[in-house]
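Order as written gives the chain letters A, B, C, D and E; numbering starts at 1 within each chain.
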Amino acid sequence: MERLAIVLLDSSNAVLVLMLVSLGLAIIFGLMNVINMAHGEFLMLGCYALLALTEAGLPFFLALALAPFIVAGIGLVAEELLIRRTYARLLDTILATWGLSLFLRQGMVLLYGPGSHAVAVPDVGSVDLFGTPYPVYRLIVMAISIVTIIATFYVFFRTRFGLAARAVIANRTMASCLGIDTRRLDRITFAFGSGLAGLAGAAMAPLISIDPNAGLGWMVPAFLSILVGGLGTISGPLAGAAGVGAVDSLTAAFTSPVWAQLVVFTAAILVIRLFPNGLVSRAKREA
Amino acid sequence: MKLSSATLVGLVALIFFVVLPFIVSDWVAADFGIYFAYALFAVSLCFVWGHAGLLSLGHAVYFGIGAYAMSLVTLGMVPGLPELHSTWVGLAAAIVLSTVAAAVVGWFFFANRGLKGAFLGIVTVALAVIVERLAINSSYLGGMNGLMSVPPITLGLNGDGPEIYDPLPIYYIGLTLLAVAIAAMMRVSASRFGVSLAALRENELRLWTLGHDVAKLKIAAFALSGGLAGLAGAFFVVQFGFAAPSLIGFSLSADVLIWVALGGRNALIAAALGAVAVRFLESRLSNLMGATWPLVLGMVFMASVIFFPKGIFGELIDRLDRWRDRANG
Amino acid sequence: ATLPMPALLAAEPIKIGVVQPFSGGLELFGGQAKIGLDLAAAEINAAGGILGRNVELIYEDDKTDPKTAVERTTSLIRRDKVIAVSGPITSNNRDAMMPTLSRAKVPLLYATNYEGGGCDRYLFSFNTVPNQELEKLLPIMKDQAGSSFYLFGADYVWPQKMFETATTIIGGIGGTVAGKEFTPFGVKDFAPVIRRIQDSGAKVLVFALPGADGITFIRQAEELGLLKTVKVAFLGFGELYLGAFGAGKAQDMWVALPFTQAIQTDAAKEFVAKVRKQSGADTPVSQYVFTHYVSLIAAKAAFEKSGAIDSEALVNGLEGIVVDSPTGKVTVGKDHHVTLEMFTAKTEGDGMVVVDDLGQIAPKSGCA
Amino acid sequence: MQDAAEGNATSGGAPFLEIISLVKSFGGVRAVDHVDLVLDTGAMRCIIGPNGCGKTTLFNLITGYLPPSSGDIRYRGQSIVGRPLHKIAADGIVRKFQVPSVFPEMTVEDNIRAAAGVRHGRSVASPAELLDMVGLTKNRRHMAGTLSHGEKQWLELAMVLSTAPRLILLDEPAAGMTRTEKTETVRLIHEIRRETNVAALVIEHDMAFVAALDCPISVMMLGRIVASGDYDTVRRDPLVREAYLGAVNG
Amino acid sequence: MADRADGLVIEGLVAGYGGGIVLDGISLAIAPGEAVALLGRNGVGKTTLLKTIMGLIRPSAGAIYFAGKRIDRRAPFEIARAGIGYVPQGREVFPDLTVEENLFLGDLTAKNADAVYAHFPALAEKRREPGGRLSGGQQQQLAIGRTLMAKPRLLLLDEPSEGIQPSIVAEIGQILAGIVAATGMGLILVEQNLDMATRLCSRALFVDHGHVVGEEPTAALKADPRRVDPYLAL
């Protein structure tokens, strides 16, 4: 029983992290219609940003707070030089961001070498939960995810800024004709999405190998999440991430990681096929 | 009849490749034999993606099925038929199995109100990852190692007779296959079926409400393309001698996508040239540049999206088009 | 004027292809291999080459992927007409390359520990097979930590075969296998596996997940407290992993290997110094630097023994040859595998320490 | 092919198109509310009514784009409810959308070719003739996406006609056309009906256009058909004047 | 019309798509608060002209001035903020956003919403529904209402009566006339519905071959609608 509680806690942890990763992807894909193949690399950059900042002597949590802004800044540059030239060409976004991901990964190899680096888990100890010492840092990561998700939700669905951002996505030309500075919104949205990836990376950095390929494993589950849940709402990708993450970690917990991958992917394909608009979606009128 | 610019570029390329082996050494020709298999694969993706607008991000599945089918047959691993080694049966099996697989996948994804756009793309990626995992876990298919020592083309009926292993014959077989495939697919694209597919890409609802069974169209396009990819896989494996899960999964799927995008997805010939060019440059430059090569490659992708949105050869064909238009008044 | 033939030949270097991962996941292993090979080539050429000809290494990146490995091998053979190929790291790449090499009759000098069973006239292994790594290590682990073993590794041939041997050995020493499982590459969250290992009550974790995923696993195992209850036998461990776990972390992980920079003999220290002089003062010098170095030194000896420089001369020369190495003699058996000095070592502080010199151990390669 | 054969054997006196007590609800709203309507072979009828009264929805139901909540649609003696969209179209019911819908990155010519794919043996003017009819011959090699709004309307009409339809559903065909062009469109519709005996349902807000079509009219309001008759009758109907035409037009 | 320089002035404007020229040196001037109808056959470039004013198409020659400032080569959002509102042909409402959200996008401060709902009661009823679910005519009302939210000084309307029931066409005409009268908003109306054009505008400009080919006071057209035919004939 207590074991089950721990397994569920572990699973929630995995789910929340996946949500954080998917959220940035969902904003960039769902709102900007850019399939960002470099999202994992922004996550990886978040790891390295944290590494660089802590190595420069900043306290861990300050570094954690700053790292997303560094990544957002890189996102901003990428948007200006590359991404903006691909808007409205969905397929070209794949090629462009694929190139970007290669570039970032190899750039990191040249800067930091191909090897793994480590940032120590901050010394926050552990608490006794259900008879098991549970690392507090994991709880902090979960809290960060929850707060970020809520804040993002609020920004994009409850503020006028969010409304304008969604309008730009839906119809760039019309939005600009209504006096909305689409360029500014594009920049902010993309930087925001990259920053979220950076935050996820920075938060996970103490728990994974920090290396140039650190971002790779996240992409397919994150994409599946946003499609399973459905785009156009924020709850969609979140629900999707919850589903994908929970099925993955629970299958892994009760069978094996090999099975987990097969089960998740198969289930995701079936769900996407049966609910092409995602589990959470609004009906649209076409004709 | 006036030749289209794509045809013109194709003919020039054909002449170039016919004479190429007389200029370069044998081993270059041997490399090109493999590149032609990749080019054939690129043509198959270009057809579904560029022409019919169905984004298949997991196209290596059909290439891989072709490769495995050919390997299993020529290695005598078909259950119950240990005596069977025929290249020809292998070829047939490769084409049939990959066509059927693509049709089944197509049916699953497209029947009724099927999947579209990025959704289709990402689901096909996931499918490729699953199929790759299944191949890794299948001991019959050799697991993670795959099937090794696949024999080259043998001309006899059942794996006997002369082997085609020398680079030059393989080179010309590949070139012929490629040229014929491109010509055939161009015919298909221009046919009524092809025009319907293009219309499907442009405005599915309109086509549907004009009375076309769009699901059937998509499945047919997918199956046709899958079969071609299977043929490419079979032709690949008889040269390469080895079929592994990485032929079936994500990374080759991503590679082919990039060849097609870099070459130009609006013209089959551009996609084929893209595949050949990227592979050629990669094998040359990755040594020369070492660790900076992926960096350069990444920058090339980004630059091509910005400067050649229609792909490098696609843009060439386009320019030629405009130039000829102007020349003709 | 006619050119003197020998001079012409002397000008032509001996081409040896190298197919190693320089990207795609195991690039650190590839990097180590390159350091060893470069050093050997430099030494050989400085000393006048082999039979008067210099060695030229032609590097190719296999991207840790078998398809690429085969492509690169093919072009080394066809384009560069290499006499031999060195590499790769992963077993599935090696298996993929072998048919091409056999067909072309070009020998492969493989210098990575592997699962054994690679029997081919054109394959030579210069690192360990399972018995050499496990035979002594597992009993030590049992004595140190307890008799219950958990086997966890990546889902491919090397861990699978290693675990088969491990299971036999564990049975032989009266231990139990509390669990055995595999994971695909790319997994980011190992909590489920770690909980399961904790629950199994195992005392020893036999671990075969190379590369970044292995590091991720160990970091999470540390964080979730697993390393407090199990002792890790980290197969294929080497100095290339050092620094990846964070200061003071991942202590007391064990490995049996043919070389570590921690060996305190003069010969070993001198070797480490040579490597660092060539490749930089901070260069980690792992077993992979060592074995790749030895493989090329052995090749030189083999050519000289045969008195000719071609692929067959190399194959014939290598069989049964004995060469001196910084850890003592290395003997290439008739089965194309090596008998060599083995050590146990464990992680401690920022590095590794040697626990024991196990002496010369002969391979049970599974080949006649 | 099979459909066409079936269709030819229309059972005795059944009307060409018969809509029986058709209902479509969206959530709580009944967009189409017990509509009955009969159309004879080769006949034409206009449907007018305020914005949002359910005209387009009615077309969506007839073409199979939406499933009805209840009621029946019988076409040439058989119910077509639940039949796949493309089968209905292939059997001769083809619509023109309210917002012109073409294949933007294909030439005007290829647009027609693609549309003409499914004809099931029914004969029709050649693509060239159709383009000529709608005045797009000069644009035939242009991409359809580069046409102006009005030109797209013409193109779509030509596409619909190229399928050799038995029944065309035109959703505001004259929107955005000049007076002369409207006159031209009316002429075209009459000509086509004369030549091919195609039946037509036309939704339109332009009363001058409706008058020129010179056919029976049904008026929809809040999902129901509230009045029917010829142009003058309908125009005099006080309900229609108040809720649709407005005082100014009265 | 001495104050035309304060309104919209277009001089020798050349614009088109890719290679092809659609507007071939068009010039016109509209005084502040003036309502002008733009008439012409399909495909002569009326929409193109409005798009060019809005900054959606970059002219290759010529200049556009608004309120004394040069606005060509500015971004559309700057032009919108300068006080030009645009109701495009084909409505372009945001289908996934609610009616209310669509309106707010016209002006993010949303100060004017009640006035707009008062003008278009059909919208008030559906304020929480996604714009994409409205009928065609309702969408047209939404598009107009949305633009009015920002209280533009010059409104560009591309066939606003298209798809709208006659009574509402008349109503929209009245509403617009009221706003023009009350606020001095200027109007460029591309319209095939002569009735609406003559009711709202004081003069009509005829476009063909990329030029203004004629001008008539709308009073004259009203008196004799056939006066337009020579301009519109093929």
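Everything that follows uses one rule, which is that a residue touches a chain if its C-beta (ideal position, glycine included) is under 8 Å from a C-beta of that chain, and two chains touch if they have at least 3 such contacts.
Chain-to-protein mapping (UniProt): B = ABC-type branched-subunit amino acid transport system permease subunit; D = ABC-type branched-subunit amino acid transport system ATPase component.
No experiment lies behind these values; they were computed from the predicted model shown.
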Between A-C and B-C, the pair with more C-beta contacts: A-C
Farthest chain relative to subunit D (centres taken as mean CA coordinates): C
Most widely separated chain from subunit B, with each centre as the mean of CA atoms: E
Subunit C-subunit E separation of Cα centroids, rounded to whole Å: 75
Separation of mean Cα positions, subunit E and subunit A [Å, integer]: 43
Between subunit D and subunit A, distance of the C-alpha-averaged centres to the nearest whole Å: 48
Approximate Å spacing (C-alpha centroids) for the pair subunit A, subunit B: 33
Residues of subunit C engaged with two or more neighbouring chains: 22-23, 155, 184
Where subunit E touches two or more other chains at once, by residue number: 133
Subunit B residues counted as touching two or more neighbouring chains: 133, 137, 205, 291, 294
Interface residues, subunit A side, partner subunit E - complex: 160, 163-164, 166-167, 170-171, 173-183, 232, 282, 284-285
Subunit D residues within the subunit B interface of the complex: 63, 65, 84-91, 94-95, 97, 101-106, 110-111, 113-115, 117-118, 159-160, 163
Subunit D contact footprint on subunit E (complex, rising order): 17, 39-43, 47, 89-90, 122, 133-138, 140-141, 159, 162-171, 192-194, 225, 228-229, 232-234
Sites on subunit C touched by subunit B in the complex: 22-23, 58-61, 65-67, 70-71, 74-75, 78-79, 91-92, 95-96, 98-100, 103, 155-157, 184
Residues of subunit A touching subunit B in the complex: 29, 35, 82, 85-86, 89-92, 94-96, 98-107, 109-110, 220, 223-224, 227, 258, 261-262, 265-266, 268-269, 272-273, 276, 286-287
